Each structure stands twice: as structure tokens, then as C-alpha cells.
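Two complexes follow with chain A in common, the first pairing it with chain B and the second with chain C.
For the complex of A and B:
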């Protein structure tokens, strides 16, 4: 698709395409964004992930120019845009509610960014047709937003963002108004589109699966701060804090409180009613810790094992290709994912065998121990 | 037992609503029958003998016709335009800008709005317009009526503005629109149904207002219909019912037509806490 013009390609000289420097936003006494530093590369699909109220949408709105930062600077394509109005920033944004104007047809909605730039009507319509054909909504151009489905509205909103060939795409939870099936379709569609067009994309979501599935890199935000930036595999395999570990993955990582003692034969983890050897795993040191283990890195045994954690079977949920098993270890529910569709014969007493190489340790403040 | 009671309650309900309906319907029936009656009385009766003579006589009264089709249209139209435009702009500002105490401001406005056009304020208003040299002008009447209607108009419009998602405006801004383009292309069209409601409401209020023009307008050729209707009274002060009814029917028509037009073209909508209660 030839949506990129020569002018846009000249931006490729900037390795770092979007740079946030010490970005801070206060709303009265509330600190929504707290000294955020970020560098996003040209053409990258970057996700801002976090629970609601963590400041990810505010960060996006700061980049769009819809909010003024209290402190810090924003650079787009090497240019300081901190004090520029939204229209001077050459960005496009897809809103959570799509923000399609109800009184305009999809044609006029999609063409609006060109209209306000004074592009002649003929050229607008030609461009709108081209983009609409690409997004497979060319038959709907004469309809109003209320006359098309949610998925089609979403495509129209994306088309409007695409039509004026911006430097940066900003997405604010664009899939959250779609039903589960459409959402999966839209994920693939957006990811494919982004690869094809190659425009730097910042994508805000609270859905970790969405961020993992789509982004080249993810920044995880809690209470206005960025806790970790990395590829989906990195943040999944190597969470830097207990919060990140518990936020990524579905079901999230199991976190068992306990302490580590040093005895003959190495370090031992003493949990609620059990003790297992940690061998020589990195980060093991005496004191209070949280032992983190993902549900897919546990095996369920029906007999005792010296390295296994004893528990009571609580529930078994067959999900088709996999089984989700919940086991009570003391007071703590531990999730286990088994990639099988055979229901195992289990008594009430079970033993959980964690894969030691996949165990994570966090100190009481939640910091990763290594 | 229960069903008998239910029937009784229904019957009672119907009786009360029929009585109330009749009470409000009778004057309307009189208004559409009396003008065609050569010997109209205050009773509702089938026109006999049927005649259009009354309208002929009304149209010969050039003072009253000029009042209805020029002065009233000018004054009510001006008030409608002023109220709708200013209320929209003010409501937009009051909804979108962060102003401390803006809610209190709006409620105070509404609270005191009835005072402004009320009888109590007539002397200061007269003096104010006298010093502004606006006595006996259409503009004076329009300004006073607009001032009186604005607070409620702003209050009505604010509901429409608040129900418009901010993302419409934000998306326009990010799309590259200037503030004015955003307002013209997105905000105004979305608010148009609300503006229509306020416009019709302002027109009806100005159209029916007697007190303000009666006090502010001095010369007969600028008087609006509610004042001019007194030209169909005898010198002794009794109304000539045939002519008063015919003139009243003509006087009612523009409002009905306006209402039907706006309802057909835009449809009346009320948002938020004033559903259906705005008029």
C-alpha cells in the first residue's frame, strides 16, 4: 500500500522517533504521570500497558497535545513539540469510542483531516476511496456511523487516522468496545496494517494479552510510573517486579509468600506448610521473599514428592485445549495450566512440582532478586 | 376483589384525565370555531352562519396586521436568534472551560432569571433602556426579552453540551482542525437539535410576551400582536369576539407552523434531567 509519501520517508533518519523526557502531569494534587522517560523507535509498535488509572491514557493525550505537561519535554521526529497545539504535531489518534461525528457520512468522517488541511474535495474523495478500499469499508462510505456495526465503526476510525499519513499513530484502547470475537480479528488486522504502513504506533491498553499479541515493545505503567520496558517475551520471562509479574499472563503468576533459609545442600524456600530446595537458583538469599511461578510451569502430581508443594484440589476448569486447575496451598490459591484435554484423575490431595529454572524470587518490596 | 378494584381505579383515572383534557381542550375548540362564526359568543358552538367575513375585517386593520406579520416576527425572531446563539456559546464555555464555581453561577442565573423580566424589574429596565436610547425600538424589546430568557436557555443548552462526548472535539483537534473549524464542523452540528429546542422555546416566549413591548414600545407602528390585539376592543373596553378570535387564530398559526417544521426537520430531543420538561 502506497500510503507513505516521500516526505514521510525522510523521517526515517531519526532513530528515536518519539522521545518523552522527564514527562510529568499533575491534576491538582493527583500525579497522573510521574517523571516518565521513554524512547520509541521509528516504525515501532509500542504498547503502554497498565491497570485503569495508571496514567497511560494521560501519557498518550500528552503526546497528542490534548493535555499540557506540568514538567518535561516531548519530541516527535526530532522536533520539540511540547508547546505545540495538537494540529501542529502531525499525529493521528483513534479514540476508545472512535469519536466518529454522528452528523457526517463515513466518507466525510474519514476525509475530515484532509478537509481541515484545505485539500481539494476531489483529492479528498480519491484518497478516502483508496483508504476505505484498503480497509474493506468502501461500500459503507455513504452511511452514517450509527448505520454501521461496531467493527466497521472501528475501521472507519482507523481509516480517518490513516488518511492524512501522520508521523505517529496513537491508539487509546481501540478494541475495548468490540466483542471478544471481533477483538481477536481486529488485533490481527491492526497489527498487519501497522507492519504494512510502517508508521510509529503508540497503543494504550489495559489488556495484557492485547499488548503481548500486538506490540514490538511494551511499557508497563503503575501509578504514573513506568516499571518496565521490554519486548513481550522479556516482560513475560523476566519481570522486574512482583507487580509486573502479577499483571502479565492469564491467569497471572502465582506468588507464594515465605522465607529462604540456608542449610546444607543450598537454599530452601519455606512456604505455608512446606519446604522445597531451590538448589542454586540465582537471587536466592536468606530472608523474606515471594516465590513466583507461572501456572504453565507447574506439574500436578497425585503422590508426594520431596520437591513438590502439597495442596488441596479446589477446582478444575476444562477450557478446550488446556485445563486450568486451582489448588489451595495453605490460604493461597495457586493456578496451574495443563496443556492437555484429558481430565486427570485427581484426589483431593495433590502435589505441585514447580520447574525450578522458571521460578522467580521477589523481595518483600516487590523487587526482583537476581 | 383485586380486579374489581383495578377496574375502579382505571375508571377513576380515565374520568379525571377526561375532565382535565376537556378543560384544556375547550379554549382550543373555541379558537378554531369562533373565527368562522358570524355571531361568535364565548361558547363553543358549530359556526352558524359560517363565514370568512371576520378574517376580511381583520386584514382591513392594517395596524394589527403590521403588528402581527412584521413587528411580532421581528421581535420574536430577533429574540429567538439572540437567545439560541448566545445560550449555545455560553453553555459551551460554561461546560468546557474550567471555571471555579461555574455550577453555582449557572444556578444563580436561573434563579434570578425570572426576576429580570418580571414586573418588579420594570422600572430599572425602563430607566436603563431610556439612558441607552432604546425606548421605542425593536432592539430594546429584543435585548430585554433575550436577557430574560438567556439563563434558562443556557441551562437547557448546557445539558446538550454535556451530553456531547469530548472525544468529538479532541478528535477534530488531533485531526488538524483549528478551534473555529472544530466548533463549526463538529460542535455546532451536534448541538443543532438542542439549539432548535431553545430557539423554538425562545420564540414562543417572546411571541406571547405582552408586558415588555407594552411598556417599551411607544409608537403604534412598532407594536407587536399581543398589544395590537386591543385594537379589536370597543371603545368601552369589551372585546369584539368575532374579530378577536379571528386575529387570535392568525396569531397562533406561526408558532404551530414553527413547531411542526422544527419537529419534522430536527425532531425535539431533551437530554439529562429535563426530559420532556423543558417547555
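For the complex of A and C:
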């Protein structure tokens, strides 16, 4: 398959390919994108992740040229495109609703970007056949969008983005209209395809699992600002703020409010109705904190333990390969994931033993304490 | 469509008809009966005054033959003349006037909010909903040779006065009708454009299409059914409109007389009901053809599912 230039794939240059500089967008009094700086490498699969209304789609639309920035600059492939129209930017965008034209066959839909560029019809159809064969929709080319399934529509939309070999792919939540099973398939398909064609891809999603599963790097946005950029493992293991910690992971990180005191024998975390030694946690200081612990870094005990947090068993959800247990600690529900398919024998009173090396501390403003 | 069979009856059929009976009664009384009556008297020589008022007689197709007497029908004041005027009037004011202008305004303000849009939409809609007599009077004043606003403007532009009613009566009522009716097309196209998901032309925009290509390839095919609907509806309405009579009275010398004015003149000025009824039947036949076209185009609209 020689869809895209092979050389891009073989020796990835990883130079800055998309650069956002101090990018800001106001809609009236609303600040949708707030001084965003980003550098995305060539060939990278980059996810913009955040809750709805965080400005991730606006950022994508700014890169596409569908919105004009209030401030800041956008560079694509080293060229300042801030004031260029979308058609001059050589990007392709796949929308959430796919935006396939109902009055055109899939063939004409996919070939449309070539048609508007004045490519001869014969060449268009040859290229469309090639791309469609690759995406396994070559038998559907004579159908209209309403005559194919959602997953096939999605492939057709991707094919249309692929057909004119753009510099950058922009995806705006392309999987959110698919049902759960198709979504998993499409994730793998898109990730594989992106690796294969090696085109720089910016992917907007509110689904952290999707971003984690597909992206080389993730930028997490809240209220127009980027809070953290990193690989999926980095943002998972080392969230820089309470918000990021609570957004990534399913179920997300447990956050227990309390404070740290210093006594003989080291630092202690005083939570609602309990106190545990943090031992030699570096950087622990006295004061109000949030103790963060991921559900998979907790063990459930049926007897008291000096280092365990006492709680009341609330619910046990067997999910097949794992168990999801919810325990009430004071007023706070704490999730625990156990990688077993055996239902444990548990009384109402349980004790939660956190793995201390995997505990995170955040100050009252939400900033990570090192 | 097959689902209709599954709809459960919530009322016995007889009760349903009982509730419909008043509507059927009034429709029969005010629509069906006059329709049939007009059809019948179009074959008679009934008039309001004179000998045939009391003793009308069936005259067969005489009224129709007289309408389509081709040796004289293009003379001024005859049916052919009115038909030709109507054709120009409908083509000029509806097909070439209201529809393209309405589409242009709708496109210009598509995805744009703000005071200018509100102003334009309000003014156009007002022109559409004001009472006939009021707007007719306003236009008589507007187009007046000596004191009219339009001529005052033309003079100030150094273009000289135009005697609209005498020199260009048909043009005058055509312009009037464009002004009067564009709002409908504008609102219809505005709604049609609003129903196209923004991602449709944004995709085209990112794909590299120029504005013209976006319009031609994406917007036009998607609103084509609405354009058909609009054209047929405004053609029907313009064909039947009577308001221009209040401005020109069909004159001078029948130069702006349309078929509806001709019907009125024959039936209510000459008071020859039989002849008037014949014209009305011909009008209804033309309307019937237009309406059938409209309904067929509505049916075809489901093509894209």
C-alpha cells in the first residue's frame, strides 16, 4: 500500500510540524481558547482531550482555518498560515457527523476534494478506487451515504480526508456517533491507518480512553487552557493537577481531602476518620492536601491494618476480568479495581490499603506536590 | 410508510367522521359548491342585468370559444392579452424576481446574526404582511409622476422622470410584486439553508472548494427541492394575485391587465357571469396544473431518505 509517501514512515523526522503560538480565541466575552502554545511533530498522532466546552474543538477549527484567532499564530510545516483560508492550508478534516453529502455517491463524496482542485475525472476515480480499496469500502462506491452503515460512513469520511494527501488530518470526535463495539474497531482501524500513512494527526475527543488508546501524545484542556501535555503513560502516571488526575482513567483517580502533619516517624495524612503514615514520601509538607490514588493501586482487606483506610462496602461490580468495588470512606466514595474474577468474601467493614509509592498529593489549588 | 397500518385507532371511525362533519360542511358550502356552480354557469349566458338575468340559457362552449377566438384574442382587453401580461408578470416578478432575490438575501445573511439581518428580514416580512390596500396606496404615491418618491430620487440622480403608469405599467406592477412577495422566498430559503448542517460546507471549505463551488456542489443540490416548492408556490400566488389592480387598474389600455383582473372585469364590471365563469374555469385549470406539479415535486423530495 503506497497511499502516502513511504519516506515519511521510514525515517520519521519528528520535527515541529504544527505549531500554535499564544493562540487565543474570544467569542464575545467568552474566552474559548486561552493563550495556547503547542508543538506537534511530523507524523505524530496528537489528541486534544477535555470535557465539552473546554475549547478543544475551537482549537481544531482554528487550525483548520474555520475560525480566526483573536490573538496568536499558527504554523503548518513551518509556514505561517494564521491568515490563510482553509483551502490554502492543505489540511483535511473529519467531522463528528461525517458530513457526507446525501446527494452524492460515496465515489463522488470521496473524490470531492480532488474535483474542486480540478483533477481530471479519470485520475479522481482511480485515486478514489485506491483509497476505497484500502479502507475496504470499494464495493460501496456507487451507494449513497444513506444506504451504508454508520461505520462505513465513517470510513468514507476518512477516505475523503485521505484522498488528497493533506499535510495534516484534523479529527473532530469522529467516533462519537458509532456504537460501543464499532467504536473499539474504529479506534484500532484509525490508529493503524495513521501509522501506515504517517500523516500528522490532531484528534479531538472528550473520551479519555480514546485519547489514551490512540494518541502518541495527549494535551488535556480545561476552560480554554492546556493543563498538561504528555504521552498517555505520562499523563496517567504523573498528572500535574487534580483536574487531570480526575479526568484520566476509568474510573478516575480517587481524591481524598485531608491534611498532612509531621510527627515523629515522618509525615501522616489525616483523612476523614483515619490517619495513615506517608512514611518517606518526598516533598510532603504540612498543610491541606488531596490524597490521590488510582483504583488499581488499592488493596481491599477484611481486617484492620495500621496503614489502611477504614470504610464501608458500598457496591461490588463484577466486570468480567476485573472487579470494581466502591467503598464509602466518610462521605467520599472510593473506587477500587481488583484484577480477579473471584468474588471476594467481604463484610460491611473493609480496610483499604493504598500502594504508597503510587500515591499522589495535590495542594488545595489542585497543583501536584512533588 | 408501511407503519401507517400499525397505528391504532383511538376512536371508532364513525365518531371520527362526526367530528370532521362541520369541516366537511363548510368546505362543501364555501369551496366545493361554488366550484361546481362556476363550472355549470360557465356554459350559460347568465348575467346580472338584461334579458338573460332572469332567463339564462345554456350556450354550450360559446363562452370558451369566445375566450380562445384567436382572430382577436391578442387585441388589448382580450383574454390572450391578459394571458400574455400574466406570463410576463409571473416570469418577471416571481421566477426572475422573488425567487433569486429571496435566495440572494437568504445566502447573504446565512450564518450571520446581527442588527442588519434583523432589519432586512423585518422590512421584507413587513412588505409581505401589510394589508393590500395600504401597500397599493403607498405604491401609487411612490410611483407618482409628479410627486412620487421614486421620480424624486431619479431626478436627484440626474436620470429624469419616468411616467411609470403610462410608459411601463407592467414593469411597475412587476417591481411592486417583487417587493411585496420576496419575503416568502427569503424565509423559505433561509430555513432551508438553516437545515443544512454547518459541517457540510465546512468540509467543502477545508477540502478546498471556492464559495462558488460550495454553492454549486453542496448548497444548491441540497436546497433544490425547496427551490422547486418555492417556484411553484409563488407562481401560483402571483398568477392569482389581484393587488396590482389596486395600483394600475389593469391599464392604461389593458397594458397591465392580468388574467385575474380580466376575470374581474368580465364578471363584475360587465356583470356577465357566464363569461366570467368560463375565464375562472380556465384559471382553475391552470392552477390545477401548477398545484399538481407542486405535489409531485413534494413527493420526489423524499429521494435522499
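Please note the rule applied: the second predicted complex is superposed on the first by the 360 of 370 C-alpha atoms of A that agree within 3 Å, B and C clash if a C-alpha of one lies under 4 Å from a C-alpha of the other, contacts with A are read in each partner's own complex, and residues count from 1 in each chain.
Here is the rule we use: a contact is a pair of C-beta atoms (placed from the backbone, for glycine too) under 8 Å apart; a residue touches a chain by one contact, two chains touch by 3 or more.
Everything quoted here is computed from the prediction, not taken from an experiment.
When both complexes are superposed on chain A, chain B and chain C end up clashing with one another.
Residue contacts after overlaying the shared chain place A:144 against chain C, while chain B stays out of touching range.
In the superposition on chain A, contact of A:119 is made with neither chain B nor chain C. When the two structures are aligned on the shared chain, A:95 is found in touch with chain B and with chain C.
By the touch criterion defined above, A:209 reaches neither chain B nor chain C. Of the two partner chains placed by the overlay, neither chain B nor chain C lies in contact with A:197. Across the two superposed structures, the residue set of chain A contacted by chain B and also by chain C is 64-66, 85-87, 91-93, 95-97, 99, 101-103, 112-113, 115-117, 160, 164, 170. For chain C in complex with chain A, the touching residues are 197, 199-200, 202-210, 213, 217-218, 221-222, 304-305.
Across the interface of their complex, chain A is touched by residues 165, 167-168, 170-178, 181, 185-186, 189-190, 192 of chain B.
By the touch criterion given at the top, residues 64-66, 85-87, 89, 91-93, 95-97, 99, 101-103, 112-113, 115-117, 144, 146, 160, 164, 170 of chain A touch chain C in their complex.
By the touch rule above, chain A contacts chain B in their complex via residues 64-66, 85-87, 91-93, 95-97, 99, 101-104, 112-113, 115-117, 160, 164, 170.
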